[in-house]
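Data first, discussion second: the structure below is written as structure tokens.
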Amino acid sequence: MIFASDNWAGAHPKVSAALATHSGGFSRGYGDSDLDRKVAQTFAEIFDHEVAVFFVGTGTAANALSLTLANRPGGVAFCHYASHAIEDEGGAPEYFTGGARLAKVEGRLGRMDPAALQASIDHHPAAFIHAGRPMAVSITQSTEIGTLYSLDDISAISAICRNEGLPLHMDGARFANALVALGTTPAEMTWKRGIDMLSFGATKNGCWCAEAIVLFDEAKATEMAFIHKRAAQLYSKSRFIAAQFDAYFEDGLWLENARHANALAARLAGHIRASRKLRLAWEPQANEVFAVIAKKEQERLAGKGAVFFPWHTPHEMEIAADEDICRFVTSFATTADMVDAFGELIG
Amino acid sequence: MIFASDNWAGAHPKVSAALATHSGGFSRGYGDSDLDRKVAQTFAEIFDHEVAVFFVGTGTAANALSLTLANRPGGVAFCHYASHAIEDEGGAPEYFTGGARLAKVEGRLGRMDPAALQASIDHHPAAFIHAGRPMAVSITQSTEIGTLYSLDDISAISAICRNEGLPLHMDGARFANALVALGTTPAEMTWKRGIDMLSFGATKNGCWCAEAIVLFDEAKATEMAFIHKRAAQLYSKSRFIAAQFDAYFEDGLWLENARHANALAARLAGHIRASRKLRLAWEPQANEVFAVIAKKEQERLAGKGAVFFPWHTPHEMEIAADEDICRFVTSFATTADMVDAFGELIG
Amino acid sequence: MIFASDNWAGAHPKVSAALATHSGGFSRGYGDSDLDRKVAQTFAEIFDHEVAVFFVGTGTAANALSLTLANRPGGVAFCHYASHAIEDEGGAPEYFTGGARLAKVEGRLGRMDPAALQASIDHHPAAFIHAGRPMAVSITQSTEIGTLYSLDDISAISAICRNEGLPLHMDGARFANALVALGTTPAEMTWKRGIDMLSFGATKNGCWCAEAIVLFDEAKATEMAFIHKRAAQLYSKSRFIAAQFDAYFEDGLWLENARHANALAARLAGHIRASRKLRLAWEPQANEVFAVIAKKEQERLAGKGAVFFPWHTPHEMEIAADEDICRFVTSFATTADMVDAFGELIG
Amino acid sequence: MIFASDNWAGAHPKVSAALATHSGGFSRGYGDSDLDRKVAQTFAEIFDHEVAVFFVGTGTAANALSLTLANRPGGVAFCHYASHAIEDEGGAPEYFTGGARLAKVEGRLGRMDPAALQASIDHHPAAFIHAGRPMAVSITQSTEIGTLYSLDDISAISAICRNEGLPLHMDGARFANALVALGTTPAEMTWKRGIDMLSFGATKNGCWCAEAIVLFDEAKATEMAFIHKRAAQLYSKSRFIAAQFDAYFEDGLWLENARHANALAARLAGHIRASRKLRLAWEPQANEVFAVIAKKEQERLAGKGAVFFPWHTPHEMEIAADEDICRFVTSFATTADMVDAFGELIG
């Protein structure tokens, strides 16, 4: 009963198989192989748009380099206070950008509130040099707490960005989970709604190590190529990432994996909803479920082999002192048996 | 006849198999899995020393983060003028260190000359704040041009480092090739000769993406952990690197691969030595062979399917205007047939 | 009626005279002149402690370099949300530190709340590499809104710092104003209460350009010397700063100037207290007075020649939509006539 | 007999007087005062061109921020190997740019050789991401060793820059000395010959602390304003720099001071030329004289009160082991008596 994180899983068998298939032969390094180019083309097809694609090894790198591309002296990026960039990247965005600031924006249920975003931007008037200047906005889809921005939510954020002349970045570490939950297209969830840069994550959804920065403005490709190389993210045998993506996109494996994970999250939520001991912290929308659990009960469940972790409590919630909000994550590797075994445990 | 680079190969079948084997199941992320720990222990055994090991995705990351650990305000690192850090890392060492300088040190045949190193260090007296201050020395083994530092060569460099209070880093992107060529032990080629930090490369020698920073002073581990995370090099599913290393070290695969590559380099050198059209630029000592080739002949060979590239001419050499020094690299994936086919071409 | 800022004044005549006096002759540059050394000695006497002193040109430099000295990979510094480092330094602290984060700590009336500080530190557990790690705490004395930390307030903060192993920095851009307001000694307000590093400002209190970083741990001097030089803050003719400090400390000019400024702030506060149109936002404790003023009234006052600016409203306060909290700053150059003329205007 | 450096002098009496004159009254801070604006206008008049002017405190800051403006990811700037940026700025250019590299270009007598520059640029082909990419060229006028680029020399460098699409920066720490030596105009020595950015130094030539970045492309002003603020170089009472420049430019004081210094350098060179014990290392062209002096003779001269320092020997020169090349610098404050006294000493 491992619900610790979607990165506790390994790789999907088809991804492993692709790595084996492509391990022979010789091909150009540093992103120039036929396979690299084929996958870049697949990205363009999936997004129905010309794109510049850069493979990176971690979601942190994808986020940090995207913000580096956007940054300028005195730059301030705006993120939800509980975003990965702020909570879990060890200062990488500030480091790679050479000292940009991440301004924390409030918002309920993991989503940036547009009014709070506008107020935060207004705190840094462009002509007032002392306060720094806005340089980008970054949202996470699905959010750190398993909720979603609706398409209209994204439009509301991007309208502000357009008005302020700011690029809009999406941290898509769980892009596929959001996509299938919304039942929309990659184009619709990104550039059609005003996204300029995307951290496209595949690691959590069935790959070993496959993340990509997707830029919808190809003119930025040259600049990003130097940022990417300088950041030690240009892999010599980059086709090992291409091979993973190749399998990931083949026959819709990525969507299938995401649907599987989301469905099991819903199933898990059902068990929790039915439990007298746990309660759902909020309705899950993708592959993460959050439940309020008494500390003693957490111990009991851990003793029975359930693996999950407490999480930060959102600003708008209050829980009792002897409780935590705990996170449960499902993935392509989670099984219904695992979920039901946990359900039995809390029944 | 692909001699372009050892990173044009894919992965050794045993490495691919290991990735498949470990792709199932769940385990802790971010370097905390059993497999990560097992591999770290293997490193300690191989080096016969307590070590702190950090997996990274590229040799550039390994070098840049090692120098970041060593750096201090105004810091200057000393590298051979033709080193990878200077020629091929897109400014990553300067970027990750926050602006350290790489001072170019002269030396014949790819090796730093100890007297030149001492003179370069002396150019930055510790008490003269204007010139910056020495912070590390970095050597490459085997060198960028396929030569070796003998054990005594390493000792000569490290004696200067000890005297100056400077840490000594080894860029071991081709560590295994040097090791088997010298017929020595990992311990002897590193800490016993004064190496403090090692970029241990496995990618070029049979892995997809497996590099490690090896610190012989475990007390530096905490500091490096933050440097590593902040640099976006802490992989969530880091066991995908561990799995590669696991196979790499199993039954001496790494040594076998290196011996194979070196032997084919020697065989290739034999063909070139025998050729009337090409001449060896210098005697190869590991898995890289350099030959002086007229530009017209290069075109002819390329037309016949031989893939190799011209290289920078070392400072101490002179060649004719219509010639280049060209590099040929062999790897675990190179075959004797390939080498002999090339031999026939130049016969 | 200029109350815009204490940096709208020029220099005190005695400071100008000192610059003229020392403009002749020759002496060593880069901080090595007799006058530089004499002033460094004066700092030691004033603080009754061995100190390392570094002259810098701006308070921003003093703050940013102090935090740079304290920083380490993944570092997070803790500052009051309305501090100068956060609101007015154009991102310099993040930039000079190479990407440290400034965490905003809450607290009423411009003072960091110890409990909020502890909670903010606890958000970054030392062993949890993902969140970054605490590296310093910075408080401002007098605060950005003209209030003071009592000596016990400072002790409460420094107790947390000692417990957490964090250095404590004081932004003393208005150090003298705080000192005379508290009626204490420099030693008591700093190292005796746990301050490790001080940005000592003299510019606002009668100098043209005289700021100093004061380190109470002399062992940090060598490291800071390189940080200082690398930051372009080592002046060739640094005795021009020394000369200003020499006059500043001579016969207690600095204390006299501060007392003058504070007294006029109190006088101004008296006028505001008596006014029916304005109300004091809070009781001033040093040389800054904050008043709640209707926007229309602000226009009327500006039309009559009063110069002052609206300020950010502290989190704990609420004002009407047609009002602002406005700041009035007095300095050595402010006159009682100026203050009384304003008093008449609002009577 | 102080010939140690032109920064061992203090300030010219007229500069001191200007500081006293402007020390009273109130005016806007942060570069917005009437005096700041007047001086900016004077710069435009002197250069006969619209300019954006930023006051900074040190020549190091002027150089480092100019290169920061020019830099881009992977950027390499090209400087003469003996330039101030490389030899004497403690790593500031690399630090402020966030890790740009300074490539050392060869050239006799302190001047960058155009062919060597072209070769160095060619070493970093724009499409080869691994080597970094050229971002700027910086020359020093007068050079670090007291020689000059003729106007045609500047044109030869700028022709390369234009062709390569690189901005050309001039380190004019001793701009006035070069200007009067060449007998040309500021416009002719800068933008008319292809200079894009200028570090305009006044400190060495009669001010306390007055340096300016002059941009001949006003469109860069907004970007530089944030770079300048973020670098802690925006002075609150910036009119203290403006006042110095105001006096400096008034009635041609700057040219007069430079002519005086140059004339005394020529006079000193005459004494050395006539001496049997010393010999001129090369013909001086501005206010620095270099002489080859035996170490024993240096001691004797020092014993008699002459202050000067040994310098790095240019690559193209050879001197005996018991000799040094020593530098003598004259300034507005040097007197003919001082020079003649030294002449007598070496007669």
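As written, the chains take the letters A, B, C and D, and residue 1 is the first residue of each chain.
Everything below uses one rule, namely that a contact is a pair of C-beta atoms (placed from the backbone, for glycine too) under 8 Å apart; a residue touches a chain by one contact, two chains touch by 3 or more.
Model, not experiment: these values are computed from the prediction.
Greatest Cα centroid separation from chain C: this falls to B. The chain pair with the larger count of C-beta pairs in contact, out of B-C and A-B, is A-B. Separating the CA-averaged centres of chain B and chain D is a span of 41 Å.
The geometric centre of chain B is 50 Å away from that of chain C, both derived from CA atoms. Centre-to-centre, using mean CA coordinates, chain A is 34 Å away from chain B.
Those residues of chain A in touch with two or more other chains are numbered 30, 73-74, 89-91, 95-96, 98-99, 129-130, 132, 226, 229-230, 234. Interface residues of chain A facing chain B in the complex, by the touch rule stated above, are 2, 4-5, 7-13, 15-17, 19-20, 22-30, 56-61, 64, 89-92, 95-96, 203-204, 208-209, 226, 229-237, 239-240, 333. Contacts from chain C toward chain A in the complex involve residues 73-76, 87-91, 94-102, 104, 129-132. Within the complex formed with chain C, the chain B residues making contact are 30, 68, 72-74, 98-99, 129-130, 132-133, 223, 225-227, 229-230, 234.
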